[in-house]
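Which chain is which? They are A, B, C, D, E and F, in the order written, and residues in each are numbered from 1.
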Amino acid sequence: MTAQDLIRPGAVIEMAHGGGGRATARLIRQIFARHFANPLLDQGHDAAVLPRPVGRIVMTTDAHVVSPLTFPGGDIGSLSVHGTLNDVACGGAWPIALSAAFIIEEGFPLADLDRIAASMGAAARSAGVPIATGDTKVVERGHGDGVYITTTGIGVVPDGVEISPQRIRSGQAVLLSGTVGDHGIAILSRRQGLEFGTGIQSDSAALHRMVADMVAAVPGIAVLRDPTRGGLSATLNELAEASGHTITLNEAAIPIRPEVAGACEMLGLDPLHIANEGKMICICAEEDAEPLLTIMRAHPQGGDAARIGTVGDAAAPGTPGLLRMTTLIGGMRIVDWLAGEQLPRIC
Amino acid sequence: MTAQDLIRPGAVIEMAHGGGGRATARLIRQIFARHFANPLLDQGHDAAVLPRPVGRIVMTTDAHVVSPLTFPGGDIGSLSVHGTLNDVACGGAWPIALSAAFIIEEGFPLADLDRIAASMGAAARSAGVPIATGDTKVVERGHGDGVYITTTGIGVVPDGVEISPQRIRSGQAVLLSGTVGDHGIAILSRRQGLEFGTGIQSDSAALHRMVADMVAAVPGIAVLRDPTRGGLSATLNELAEASGHTITLNEAAIPIRPEVAGACEMLGLDPLHIANEGKMICICAEEDAEPLLTIMRAHPQGGDAARIGTVGDAAAPGTPGLLRMTTLIGGMRIVDWLAGEQLPRIC
Amino acid sequence: MCLAIPARITALHDGAMATVNAGGVTRDVSVALLEAVAVGDYVLLHVGYALHLISEEEARETLRMMAQTGLLQDELAEMAGTSGGQGA
Amino acid sequence: MCLAIPARITALHDGAMATVNAGGVTRDVSVALLEAVAVGDYVLLHVGYALHLISEEEARETLRMMAQTGLLQDELAEMAGTSGGQGA
Amino acid sequence: MKYVSEFRDPVLARNLARQIAAEADPARQYAFMEFCGGHTHAIFRYGVHDLMPKNLRFVHGPGCPVCVLPVRRLDDAIEVAEKHGAILCAYGDMMRVPGTGRRSLLSARAAGADIRMVYSPLDALALARENPQAQVVFLGIGFETTAPATAMAILQAQAEGLANFSVLCNHVLTPPAIRHVLEAPGIDPEQAVRLDGFLGPSHVSTVIGAHAYAPLVARYGKPVVIAGFEPLDVMQAVLMLIRQVNDGRAQVENQYTRVVTDTGNQKAQGVMAQVFTLRPAFEWRGLGSVPDSAFAIAPEYAAFDAEQRFPISDKASRETKSCECPAILRGVKEPKDCKLFGRACTPETPMGACMVSSEGACAAWYTYRRAEAMGTPAPALEPAQ
Amino acid sequence: MKYVSEFRDPVLARNLARQIAAEADPARQYAFMEFCGGHTHAIFRYGVHDLMPKNLRFVHGPGCPVCVLPVRRLDDAIEVAEKHGAILCAYGDMMRVPGTGRRSLLSARAAGADIRMVYSPLDALALARENPQAQVVFLGIGFETTAPATAMAILQAQAEGLANFSVLCNHVLTPPAIRHVLEAPGIDPEQAVRLDGFLGPSHVSTVIGAHAYAPLVARYGKPVVIAGFEPLDVMQAVLMLIRQVNDGRAQVENQYTRVVTDTGNQKAQGVMAQVFTLRPAFEWRGLGSVPDSAFAIAPEYAAFDAEQRFPISDKASRETKSCECPAILRGVKEPKDCKLFGRACTPETPMGACMVSSEGACAAWYTYRRAEAMGTPAPALEPAQ
């Protein structure tokens, strides 16, 4: 039986595809194994055996529940690869393997699943990282949202690299690899009931190659972090809190596409709260800032890299570090965490 | 703010808990970090850094979507630890770290989440394996089923251990570590609309310690596999197909609790299709069978271990291996994969 | 379509309902299709209804006949000094 | 509650609807609250309705006054040979 | 499990096998039809075949209600759920059966219809109570074993005034079907199956009683031995059939005396008589139209009749082309005679009902003995002892 | 973005700051109330404070419809969704506002109520069209800016004959609220806030026109300068207010001439007059009962009035105890005067509406300047230039 037999017009996921019987085996073989094919996955065990790694291991996981499943610039398949590779890269590590667990809703079109798996396989291949093992579950209609994908990534950290918020120090530079808010606004533009037209594409991309070059040039980078859910503000607030230092941004220096700014004006959103999926924050010594920006800009994902702020004084003992910003007009304000979920507003 | 503030009576998961802002940070801190506390997780990064491992790495992942979330003998929290540790053990490996990704439905009681996280933390501690990193997503009401947990495990395989269906040979013995069907029947007994009374408890348990002893004694074990979803029949059919060998079971030798047999009679189910979550199939050389059974029986999880079958001839080239069984009355039949999902029937 | 299993009545309830135990599994079922039933009786259970009483005596007799059949044959064969029926 | 943004009308449709472009973002909105509107007009957009036309001329005048205010002050200061107003 | 395990005993099985081998006349061919799918299932699941002499053949009869239900009736059920928005309740057995265009209840559910698997009509009643704003339709299928429970549910609904409960009634009757198999109307006598006797239904007989088969035996001169569903029951009944054939007798005999009496369950018979009425004829898959072979809901209970409540459309229902189920159900073909068997048609991708029901002949052959059926070498059989 | 970016220009901001510093009389204290939450938001988000002289104070007024909506009206909305099973449509702004027992629309949704966030009343109309079997209720809140859209939706529903659409109308009016702040009825004059003038509403004024404030200015002798919502607009309007104060003038002036005219949008005014009727009085959070300050749906459109359609119960709605919102909304207290501010009450765990709305004074202080408000040392301010 070929994939075409399984993915015939109108065919959808049924509970049987998750029952653990032959239907499950066939689904895995005809969709996932076909699109992800690589020597590790092809071992066909419940657990993949990887060669002995050279260095410390980094491990990270992310559940991807994006809606809609396909959006300008990507889909949940490629996103689930990029999102996890970037977290591995945030550890200063080179990714060596991914796992992928699918939770699929009964009734989900097999053709859509095939498309998503193809995109996921392509993203992993283009990143050069195998999807080594996986799992497939089917849940009843009304207990899912098409498909959820949890990817876990492992990588190897070169010796001498010690990425940690504890290494944040006064006077360090805060770099950002490109424009803010592209992913979140691309998603919002396709949300039911909110559709608006825009040329904005998600920035979803794998950053491990750029990061590898950065780490090779400056092993002493203090922090790498991808500002995903909760945006720049959540990520930098976390770092300010964890490090006990005030971080001051310069609003005028933060790269943003005009359409993203426009959509934020329309929906009453702060672009600093909007998710990114192909951006990296880097905190480094002042003297490393320019060399790192040069390296970032040499990568397609870092073309708009900019220095967006500076680490300030350590906060008073017992008080957390603050994130603040010099505004466009030269005032100063706190940049707070997003309170609750991101809700478009009219006031 | 203490956990008691978050988990106040009647408090439920809201979308904000997944928004990536302070509510997410607090949820993670007050529930997950509290129950899972260990030095790796406490690094507090998006990616955990593990010490340099000694040996090849094994990686496995499983999405857990069990309903009901709590069942006799366990809950989704402990199950998600055991299920993945057992897959690591199936690689002949010693588990060194777990990741845990949560997909939580809006409206899910925080007290239930706390209980599940506590059970998960306890299972990981008792297994001696840290939950090194995690992720939390919240989906809208009607897009989940309380909570789904995807765990990924990594482990280290001792040199010389090569678990693989390709090493199955004629004449090898098929061992099973205990009774079949306990988990699946414990779950079914609590399914809505099917409730029946039974003393059956899920067998959910971590088997890596038993496996470590087995592998230490017999590094040449051909296959280890936990017969979970799809039961003994799915797992052994997979092995028969992958190895190209016929496997013959002896129905009279397969351990089964009387209540499990009774429930299967009542629902018209085949116990060989029912899921187990604390059992291990081992295929080994004839002469290793008895020593391994002795080791298994010395562990609380292997008390009922038995030899249940024998690997037969290699199938004709181009035809897959078959799984068959000498029946109770001395006839012979094929044991097929479960067709479709497991449906209680009346005929 | 006629899957039915033997179960023992362990309790009787209002509305012609009863609790039964089938091989260690308990469930509430209807006994409305039976004329009379008592705790301890074995019944044949089908789609939530008890369909018929099971006769312990008849069951024993059936088993006795099965046992005897084979034994008789063996004994006859032994007596005749030849081997029994050839196993299929 | 009064978040409203400037947008340019790019097309007019039946039922007093129009497509607008706001900073590169397009959306269909109602222009039923306006007396008259033409493609190319800038309008103030609020909860899916165009609320008022924006006057380019007035906007330019406002900006001119802002620019002049400060400049005037600087020039006066320069003329007087003293420094300008102290920044807060 | 009492009354179960004893009847799977390997020592007794060996005894019975020896006795059968001893008594079967090597000069004869024995062809026995097990009418019931339950027997088919037991024969395959326990490998009873392997304990039988080579000159004895089981012919698998039409006694699986899932298998004989015409596609049209399943299409109706899907329509009731999809077009009329009812909550359709069905037994697990029905969920995977392919209707027209290979659509099943499961695939209709995957596509959004509200279809629930139930274990008992009592569960459907409970759903009707819990969802007063919805229509709850119970898909009633089965022989005389199952029909009384459906009738009871209707009486219960009436007593409770449950106005949102109804039954799509497809209950069928055993004796008329046996008669039909024997008469084989319109079938070339050369093509009709040669039968030497019947394994009589187990659980149907608990309801209708052993006497119900007497007129058939008298008329057609074929022995009927009512047999339990455990493998030893089947073997003992085979022995009893062999003896009747060898003796030239044709009688109703009862192997399953622990549950089957001569007159059956008269209370259950009464309930069926009250709630149901005989359809003048009913379409059986494989058998065609069989007179007096099915129940409809009696006019007094029309309020609970889904066929009355919902305007069920005329539609072009289609059996899968080249599915040989009809011939197999009449006992004149075997699954291996079907071109689709084990290739296009498997339990995961069934083309006919006989491949879905675990009592269907095709499913049984595929699941338990496909190596033989498909002509690949049968695995070497260890000695049964 | 045209008409936006220009009004955030740092060079012009520096110019305006210098001019204000130059013209502000160091011997005076200036207290200007920005009536609108939109101004409050702009002042905090852009740090306009930091560009103002020390003797100038912004007093944050009651012009945030989310903040002034009494808990009772929110409880009603939750009741309509929970008890009457309606699909309740609300702007994102309302979703997190705590009602009685800290229940919000979001928590009611998490508990199962069907509550949808909409961006426009047109979205609510679309939902009513798509769900003909459900009741769709639009929670209408907002000032004169927002009310015309609600009125248009009602007219559209009428034109389409959408029988399942209705509006829970909470629209409030600006001039009566300004009058109320100035009169401070029942407030000890010592406690009443001293104001030197008003930043007049931006977008309300596009609808009602600049002339609408003339009677207030005439009667109370306080200058009003209508100002745009961009930071430069605010700064220029402040300069205009300082000049009026310095000159001893009290006039309506219009800084926001690019959108605000003397007479406003007369078509919008006409639509409001057609669909709405004035309530004799309406309860404002903080202000108490304010005469002639809100719209109800006119009797001609009663079919679209959710207050008429649903039997909304009398209930014991409760504001959070010790929440100082009422005093803050009158301008007589500041968030830092509230014991809960930044401790029990934060944007994640708001105790009052002023902490939820991004236009609320408490949320603005917490989000943008809490270091100062909570007495921890303010972060050192880099020079504005």
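In the analysis below, contacts are C-beta pairs under 8 Å (C-beta built on N, C-alpha and C of every residue); 3 or more make two chains touch, one makes a residue touch a chain.
Not measured: the values here are computed from a predicted model.
K.L.:
Farthest from chain D by Cα centre, which chain is it? Let me know.
P.N.:
Chain C.
K.L.:
Would you say A-F or A-D is joined by more C-beta pairs in contact?
P.N.:
Between A-F and A-D, contacts are more numerous in A-F.
K.L.:
If you average the CA coordinates per chain, which chain's centre is most distant from that of chain F?
P.N.:
C
K.L.:
Between chain E and chain F, what's the gap in Å when you average each chain's C-alpha atoms?
P.N.:
Each chain's C-alpha centroid was found; their separation is 72 Å.
K.L.:
For chain C and chain D, let me know how many angstrom lie between their CA-based centres, rounded off.
P.N.:
89
K.L.:
If you average the CA atoms of chain C and of chain F, how many Å lie between those two points?
P.N.:
Spacing between the chain centres: roughly 78 Å.
K.L.:
Rounded to a whole Å, what is the gap between the Cα centroids of chain B and chain D?
P.N.:
63
K.L.:
Using the touch rule from the top of the page, what residues of chain D touch 2 or more other chains?
P.N.:
Within chain D, the residues that touch at least two other chains are 1-3, 5, 22-23, 46-47.
K.L.:
Could you say which residues in chain E touch two or more other chains, in rising order?
P.N.:
Touching at least two other chains: 1, 4, 14, 17, 37-38, 50-51, 64-66, 91, 93, 96, 106, 119, 123, 142, 146, 232, 346-348, 357, 359, 384-385.
K.L.:
Can you list every residue of chain B that touches 2 or more other chains, as numbers and ranges?
P.N.:
Residues 14-16, 21-23, 258, 261-262, 265, 268, 339-340, 345-347 of chain B each touch two or more of the other chains.
K.L.:
Could you list each pair of chains that touch one another?
P.N.:
A-B, A-D, A-E, A-F, B-C, B-E, B-F, C-E, D-F
K.L.:
Which part of chain C faces chain B closely enough to touch in the complex?
P.N.:
Interface residues on chain C, with respect to chain B: 1-3, 5, 22-27, 45-47.
K.L.:
Under the stated contact criterion, what part of chain D meets chain F in this complex?
P.N.:
1-6, 8, 22-23, 30, 32-35, 42, 44, 46-49, 51-56, 58-59, 61-63, 65-67, 69-71, 73-74, 84-88
K.L.:
Using the touch definition from the top, list the residues of chain B that touch chain F in their complex.
P.N.:
Touching chain F: residues 12-16, 21-23, 26, 106-107, 141 of chain B.
K.L.:
Quick check: in the complex, which residue numbers of chain B touch chain C?
P.N.:
189, 196-199, 257-259, 261-263, 265-266, 268, 345-347
K.L.:
Hey, which residues of chain B end up touching chain A in the complex?
P.N.:
14-16, 18-25, 43-53, 55-65, 87-88, 90-91, 93, 97, 99-103, 132-137, 139-140, 142-145, 148, 150, 152-155, 157, 163-165, 225-226, 228-231, 234, 237-238, 242, 273, 275, 337-342
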